[in-house]
């Protein structure tokens, strides 16, 4: 369970990206975060993923208050989370395979399990044939799919995706969303920030709308 | 006028990204390029922007065959083109203002003209209030808009945009498209690669569809 | 468990080697600079280690020549001998009789004829006294004492030369000190910068690893390997440079040794010194990497 | 037009300064390493430039002492004088009469009493001959010649010492040569790597500029400025190091000079040499940047 209480985030330059956000996400829930460009969607997801720290308020993940967690324990919390970065953050000096290998290496998987998992993940996003190329040779959409493969390969308990379909055509977007749904079905908590109207229209899941850093609308509550 | 004759592009690793493309785009035309992820949209745009060279075939821009152009003349050709990169390619050690200043510096504008033009461009994409911050602090959509501002600030004769609305909500996407239309109206040739169904549905412009590197469908011809 | 651990280290090791090879020029140049920077102090150390061998043979310890009066008797000579035995500043001495001296003159200079024509032997008896290796001032004091001994015509000590030698040695020592200071700074700076370069080009890697749950140790590992490996390579380069330079210098020294009718040459770096050198440079690289990564990791910690 | 050009250069100049200051530690370290690397050969050059002053005063040019026979007449002396005048290997000479020599002995060694007690003056007349600065072998030949001159008891030339000095000088020269070679390599390597570092961290800038129509000259400019500025800073550092080191060495030299009763000291780098040094290092930085950027620009050229 993820709980935010009076969470605000003010950046060093004084910009207030989030103010006084209260939010509870149950384990296994699937939540969409929406809002204008610059509304604070990415900031919210980064706070939950412990990539940023809140300026005030408390964030609790499965009972751990991440403001009070010891720095040494942080890595192990992060390993439970899969994050699809909006700017991909791929390693351009490693092959596609090695990029997906990274989270498994970090968690200490042995080579054989790792290889089969990586192949499975790459297959799901349609990049199995490109496993030995460098990401620089991938198209924009392929890079985004690679980032998704990296986020899901270690089967995290919480999957957070920031604009995962921005560079994908509707066919691929459908496939990727289907993948996220299947994770949700096996009990993974899924958070997706998106402004893709198609994704939001025909779905029965909770939608959280942000506007200028404030929680504006929470469909599950309505 | 942009003319492609039997253009193919094979990458060093042997992958055939474009094969035998024939295409003519008139001066002042507005063209959408669509297709699946990895179909070759970006490759096509890069070839036209002289960022990549074709493996075979000829590309003529305003009568210059760019395969035969002298390397020393290339920069001057490129200055006539504005390119919105799919991966933004912003300079993270320069402020928003300085990022937009770059094309004007390259073309040798004086400081005053430059400043007023930059302000106008930033205003159009809604980033005027952020002119002195570093791009790293911008949200994904803001970075994309910055890239658009940089591409249009020197008023190029040809505007090429690769997935310009991938990270934008529909409101901003409409604004940006309106901006492109206005460029088209004053005689600029506009090429846009996109998979955004909304953009493609309700428009009366030419749409070129690529599939696996082949020209599949050209709506203006139909 | 241990196998996984070994596997991981082996992976990092091969990764590091791959990286060293991926930008060969930059890395070779860094290693070269490091090698040169290390070779100079290490070379000076080696040369200094060689000094005792050389100087022991050349014997630059101060000498006093005691020339006896023409009329000195055997008793006088015996007395002087006793006095020399007792003096604790005297390391050793040698008696050179006037006949010996004349014979030596003949031999040394091919003056057989000239000497034969001499009506009498104009040379005095003499003692050649090697003193302890103390400062020139003390030796000069000793000479003045000796001058007052009976039957001594003249006690000679070229104190000026000894003092000059002493001063020159000091000069050399200061020069070496200045050099060593400069080079130590250079080594640390090169180490630090090389690893900084590594980190700058791998910033995304550090950041991404950190964000998806890597521990600091995991992130540090490849850099530590890289630093250590580069330090090791720098040490090997330094060793090669020194060995090569000693080779060249030895050719030159053979000429000098010939002139002294001696047989000395500079010894190469010993087995143990080689190992210490390599261990030291490896450790230096490791340490530099650690410091460099630590400061960087701290910067991307969420706040 | 010219104003725009000036504006652009001024902009690039301020940008470069900003960048130098943006990563102060890395740049300071690079400048320091470069300064040290440059200071060593430049310092050796300065020391060598000082040599003539010093050695001219010390006069290490070979000397032959001609001791005359006790029975030598004024005619003999005049004859030798003529022969010395004619000999082209003789640079200058000085006649020291036996009375002068005795007087000198009294003065030098405070032996007034001892000398007064002498029954007769045992010292010979002598010539002290300064020769041209030719090799020890030739001087030795000259000495043998002189030995056969009439009325010469003994011609003395410490050829062994001269040869040793010559050999030692050669040894020093080889040492300096080895040092210079190593340091030149180090300078070039450091220059190259520093600018490579710059380029690595500005890869996107180069790429983007190129893609949106910048000429190669435009892209190159900031790097050239950076290289030149860093070279200049390296030169200044080298100058400071040398000046500081000379200061320390001069303190030491004052002692030596006192011993020689001379007044010499190492001169600081001259006005002109300073300018050449700075121009040279600036040029080196500029050149290194040019080479480094050129290779990089070529890599991102579309193909």
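Letters A, B, C and D name the chains as they come in the text, with residue numbers starting at 1 for each one.
Just so we're on the same page, a contact is a pair of C-beta atoms (placed from the backbone, for glycine too) under 8 Å apart; a residue touches a chain by one contact, two chains touch by 3 or more.
Everything numeric here is computed off the predicted structure, so don't read it as measured data.
Path length between chain A and chain D in the chain contact graph, taken as the least number of steps between touching chains: 2. Taking each chain's centre as the mean of its CA atoms, D is the chain most distant from chain A.
Remark: chain C and chain D have CA centroids separated by 22 Å (rounded to whole angstrom). Centroid to centroid, with C-alpha atoms defining each point, chain B and chain D lie 62 Å apart. Note on chain placement: the centre of chain A and the centre of chain B lie 29 Å apart, centres being C-alpha means.
For chain A, residues touching at least two other chains: there are none.
Chain-to-chain contact here is organised cyclically: the chains close a single ring, every chain touching exactly two others. Going by the touch rule set out above, the chain pairs that meet are A-B, A-C, B-D, C-D.
Chain D makes touch with chain B in their complex at residues 4, 7-8, 11, 22, 204-205, 207-216, 218, 301-303. On the side of chain B, the complex with chain A involves touching residues 11, 13, 15, 34-38, 41-42, 86-87, 133, 137, 139-143, 145, 162-163, 166-172, 195, 197-198. Chain C makes touch with chain D in their complex at residues 26, 29-30, 32-33, 36-37, 39-40, 70, 105, 109, 111, 114, 122, 147, 153-154, 160, 163-164, 167-168, 170-171, 174-175, 178-179, 182-183, 185-186, 189-190, 192-194, 196-197, 200-201, 241, 245, 248-249, 252-253, 255-256, 259-260.
Within the complex formed with chain C, the chain A residues making contact are 49-53, 71-72, 75-79, 81, 83, 89, 91-93, 102-103, 105-108, 110-111, 150.
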